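Structures for review follow.
Each of the two complexes below includes chain A, the first together with chain B, the second together with chain C.
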Partner chain A sequence: MITAQSDSEFLSEVVFDHFLARHSELPDWLVKQKQASWTEYLALPAPNRKMETWRFANVKGLGVEGFRLAPSLSEEDSQSLIENSQNVKETSGKLVFGNDDLVAEEALSEELSAKGVIFEPLERAFAKHPEILEEFFMAQESALGSEKFAAFHTALNRNGTLLFVPANVEIELPLVSYHWANGGESAVFPHTLVIAKDNSKVTFVDIYGSSDKESAQLACGVSTLYAGPGANVEYHYVQNWNEASLSFNRLTTVAERDSNITAYGLNLGSKHARNEGHTVIEGAGSNAEILSLTVAHKEQEIDQRTLQSHNAPNSRSNLLFKNALQDTSKTIFSGLIKVAEEAQLTDAYQTNRNLLLSPTAEANSLPGLEILANDVKCSHGATTGQIDDNELFYLLARGIDKPTAQKLLVFGFFEEILEKINNEELANYHRELVHQKFEIA
Partner chain B sequence: MSVLEIENLKVNIDDKEILNGLSLTLPKGEVHAIMGPNGTGKSTLAKALAGHENYEITGGSATMNGEDILALEIDEIARAGLFLAFQYPVEIPGVSIANFIRAALNSRQEEDIDAVAYYKSLYAEMENLGIDRKFTSRSVNEGFSGGEKKRCEILQMAMLKPEFCILDETDSGLDVDALKVVAEGVNQMRGEERGILVITHYQRLLNYIVPDKVHIMMDGRIVKSGDKSLALEVEERGYDWIKEEIAAGV
Partner chain C sequence: MSTEAAIDIDREKGNFSYDTEYEYNAGIGLTEETVNYITDVKGEDDWVRAFRLKALESFRSKPLPTHWATKDLENIDFDKFRYYLSKGQQPSRTWDDVPDDVKETFERLGIPEQERAFLAGVEAQFDSEAAYSRMKDDLAKEGVIFVGSTEGLKDHPEIFRKFFGKVIPTGDNKFSALNSAVFSGGSFIYVPPGVKVKQPLQAYFRINAENFGQFERTLIIADEGAEVTYMEGCTAPKFETTTLHSAVVELVALKGAKIQYITVQNWSANVFNLVTKRGLAEEDAEIKWIDCNIGSRLTMKYPGVILKGRGARGEVLSIALAGDGQHQDTGAKMIHMADNTTSNIIAKSISIGEGQSTYRGQVHIPKHLKGCRNNTECDALLINTNSRTDTYPAITVRGDDNSVQHEASVSKVNAEQIFYLMQRGLNEGEAMSLAVNGFVNDLVKQFPMEYSVELKRLIDMEMEGSVG
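Here is the complex of A and B:
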């Protein structure tokens, strides 16, 4: 199927009217929200070098005008995406999106549905569950510089995942959504909303990818996780857009009383990726583990900004971001821990480790603390270095050749993150992707 | 030819001469010990032979079975059959013992080792050295006690079956029980097909690994050689009498 293209589909000032005309199915409350967001998007300034939140970033490469609303997929393209959406086999449910349309779905078991679990594409959920979405959809503010892109997302998003887990429901196997971009110049707006109520337990995985290696695409996504009191939420995202693409992602995680959150990010793709991660400790006694692994090569730029906001006492957050850089790739890590006055007895840690595998790679690190409470344990640390000579000597002295020894040490660097993933299938999937990328380089 | 032959070896670190003409012959089938005060260059000898780049060879030769090992790269020396048990084993985060030793074995053969056979022999050697099986998945040396690190060195030696072994202060940090286990592991590896050089500055280890020859090293060279009774004499009298002997030109 060939979709007729018109200039109005490119992401110019007039695209929004075109978008609304194309999606007359959207409910009124949402259209209103979108209209306000579009106005906001147009009014907000584009990122520039003078903005602290965009320091070190190559802001020139962030224009969106060259992309257009992604066209619908042909039957054939959909089929091939579905075939490629098999990375995690043991799941409790699966959604596959291609160019923001739902192309395949493995629904929840009857048992989970009967317990009140909701796992729906937003295209249906907007109509079916307005009570949830009116309250939670895009309810969090941007805190790290992406206001303009969040507004852009709100205006042009039309699909994604709603996962709602009622109180006391535990879901053993992970739920997975695949988000594919297909074709040149395509823009997609993936969304994730996970709401885990009191004492529930769930693991959710977002996998982002492109159907080919060359077509430049734009992804502008927003994900929000709510861990209710005592809830246990594990989240994985695999950013594997092709290396011609520009991607933005904003992840906000809200931890209520006694909740446990673990977020694993794997950054492999994009020409230029901007990730913002905001962890909001809202309830006492909560615990957040925030982990990320990036393997960058060639001319990739991976820009990660994080904020750990402690607004409640007696909680812990631990962030570890590891980046391995080859060729002339560039990473930016900017992390801030903010501890409010009432957040006594906070334990908050932030670590960024960069492994430079090429003399022309560039790792920027901007760690920071802002502490208003007086009884806290906080630390931040950043290290950037090459493969350790002593470690290399030890491996060589056992007869292991240099390329193999270096590979073992780099994989060892990755393992500090990978070994923390309890689900073996997921751990091996992440491991395979990382190794693959490193081998190709 | 089945011999590790070091002749008049001179080694600098940062332009400072540490080894100044060291000679030593270790034939296969024998165990030799080197004793000497701290800072005399024992570890320097071990690392220089292993090919460490920081140790600049300024003179002399070292051959293994007739092959010039000073001309080889670090990994080539190891594959040629020299094994160094480190005085300070290095922690390798994220690389499990199992994967590490397997990579070392695979580097020595065309085809990768069969996984089942590999684990079978690994478990057998671990049991022999009193190392718990759960160590296979632990990162090499990371968070190990001093004794665990030393056992892990001997485990590697047992798995790699090198022709020549240099054990650098393998006894340090070990209590008597651990010392016996490690010594037993080394003794099992003694034989016609292997030469072993034990570096220590305590005679204690040599009660358990009884050497064929003992060399005393001072100021960067071997100054006196003898049989195992020399170690006992050093234990009793210290090193000063040897210094005096040298000064007197004995």
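Here is the complex of A and C:
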């Protein structure tokens, strides 16, 4: 556990030694991995303007030196976080993390535990399930430019979620993890590892947030999902760090034969957010839906990079990223579909739609394709525009006042993604957050 | 599948070179001496010498753009090229003055003599100097200037100096810097206000010395309300070692002017074709690039338009055909700098065998502009299982009164279409050729007649033996 001395500990070169000294409970294999990662982190160059993977991004504000390892929470703070972690009521299990410590837990039902489902915070799982973690923890490479931040995460992460669903087990209600950052300059390293074995079915939700609106925080997270043969995995993340914060997230999804993956992302928070999403199609016949909705305002910069790697034939992936921009906000969407030579009969699609709601907002779009097979259907589309005058006119002509009409049309823009969420409670939760943010602006 | 040849065409046509005695030869490699030598031979003014030397410095200081472009660029050995060769002749005015061996080269290329009758002027560039150049009298009477780059800078500096190197600055990229240091040949055209040149101006040129880089420089200025169409076509003989072609083409369309620039290129498979092309469109002006790339080992070419004046319009229509072992890295750039500017990009590519085609685009609409529109479409066709295509557009839009749309698709030739055609007695190669021609047809329709015929022939040649 973190002691009070960490209050002065900024993320400099020596912080790692102190981190290790304080967490003697970590197993040897993990310490070795962390040491290697820390060396790698120090050696790798910081993002700069010449790097194609950081094109258009404002790389100046990405320094982590001003942050320190998040201190432990007071009882009072923990309590208030737990009270705020009620957004999804019907769950099969819940974990609440505050500054990377587990502060509350709703364990699995005995029935699910008996079937072999594992839903544990990493702080326990490292010791309890080394066979799973040694194989899967940080086993995927960075493919989109965040090598340095992934190494940083590996070195300083100590908690997060392990969700393991054995073959043929279906879990109806979603499992949810809340990750809170508390206090100024706090750095947190949330981690998610979901492993769904053959023909299993599971829905998992990550909700990221800050305990107040003003304190600048750093979040450097990594999530990895494995959908085994025939598995059905639905994943949601809500990025809602406060608007003073800097956040990085790398999501890797591995789809095996005949699996079905749906990933929904909702980006609302952070001053500067960088999300990388890599979907790896490893097995034939799999299907991936990758959806994201971003509402940016003020001076937010939301930088999203995606890669759809098709390494197996007969699979489908469909990506839709929608961004609504207000004020002087900026979004970057960079997407790439890579179809390997052996991945014939691939259907891969990628769409980016940007809605500019202010004359000073800036939308950047870099949709890309790299196709090495010839019998494929691939397309990408990117549009950037504003509220359609004809649609607005239609509503005005029916007596709806302009602000309401505009709001209706913007909500309609969001709805294309929201209506795809099957779980009604989750859909309403996403909808409420989006509408809330839009109303405030 | 059969490997039968689609159409009986002599593949060796164009695969020849004659021993030509070069009167001036700057030797191999690139130093200050080479640059001074070129300037001396051409008898250029001091400002041109200074321009070239500054460009050489810029060329040396710039790295190869391999952080985003193909590593194949590293295979270019700049010390092994000849940077200047010339017969030392003044551009000739009548066909009779053209030396016989040069005529024979053109003869084998199949530039039809009758064609010249229809064309306003044929600027046939043999190696680096214009070997033959003639304009119809009526064009000259209207004040149209159509000369080589050397003549242009020497005889009409008052017209050309103002825009020379302004649309594409020397340091724009490594290859524009290289061109600026050693350029020779190319066309300088000035069309006075209100003059509409009805027939297209045309230049054929080819590379004819082994290891000889060709660095032509073209500058076309259409004054207010003027209109002009320029066509270039290239064929080159095959050589054992690599050849470098690095041109710079600048277009300036003043208020209300229209320029159309058409390229059909068919370099041989050992040529590095690294070209910078950009146009500047003032108020209500229109610049249209029609660009067709066939052949070469590596082509990197992204014609662009800077839409500087209100209501300016830019268009790029491009067709790329990457044969076995070739890489067509082409695209377009549209930089919107004024309100109500519109741009359109339509790119189609075909990859055959181990060919690779890449689309790279840039559309930039900065803040506070109103009423800007862009439409981008790129379609790729993959013929064989090992063919490859990539698309990397980059779009930046600021402001809520501008809109862009981008679409790309990748597909293969529909098996049903091929089956249908073969049912009707075509062999597979012919059927494939017809399907590919159909894929590019809506673009080819926009080309002048001679060029669409030539293009169809080139596609047929490339499709030969591609099935199987």
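Quick notes on this structure:
Quick note on the criterion: the second predicted complex is superposed on the first by the 433 of 441 C-alpha atoms of A that agree within 3 Å, B and C clash if a C-alpha of one lies under 4 Å from a C-alpha of the other, contacts with A are read in each partner's own complex, and residues count from 1 in each chain.
Operating definition for what follows: contacts are C-beta pairs under 8 Å (C-beta built on N, C-alpha and C of every residue); 3 or more make two chains touch, one makes a residue touch a chain.
Computed from a prediction, not measured in an experiment: that's the story for all the values here.
Once chain A is used to superpose the two complexes, chain B occupies space next to chain C without a clash. Once the two complexes are overlaid on the shared chain, A:P359 sits against chain C while remaining clear of chain B.
With the two structures brought together on chain A, the opening angle seen from the C-alpha centre of chain A toward chain B and chain C is 70°, to the nearest 10. With both structures placed on the common chain, the touch criterion links A:P45 to neither chain B nor chain C. Between chain B and chain C, it is C that contacts the larger number of residues in chain A.
In the superposition on chain A, A:C378 makes contact with chain C only, while chain B stays out of contact range. Of the two partner chains placed around the shared chain by superposition, chain C is the only one that A:L369 touches, whereas chain B remains out of contact. Aligning both complexes on chain A leaves chain B and chain C separated at their closest CA atoms by 15 Å.
Interface of chain A with chain B (complex): residues 390-391, 393-402, 404-405, 408-409, 411-416, 419. Of all residues in chain C, those touching chain A in their complex are 67-68, 367-368, 380, 382-412. Of all residues in chain A, only 50-52, 55-56, 341, 344, 354, 356-386 touch chain C in the complex they form. Within the complex formed with chain A, the chain B residues making contact are 50-52, 73-75, 77-79, 84, 86, 89-95, 99-101, 103-104, 107-108, 139-140, 156, 160.
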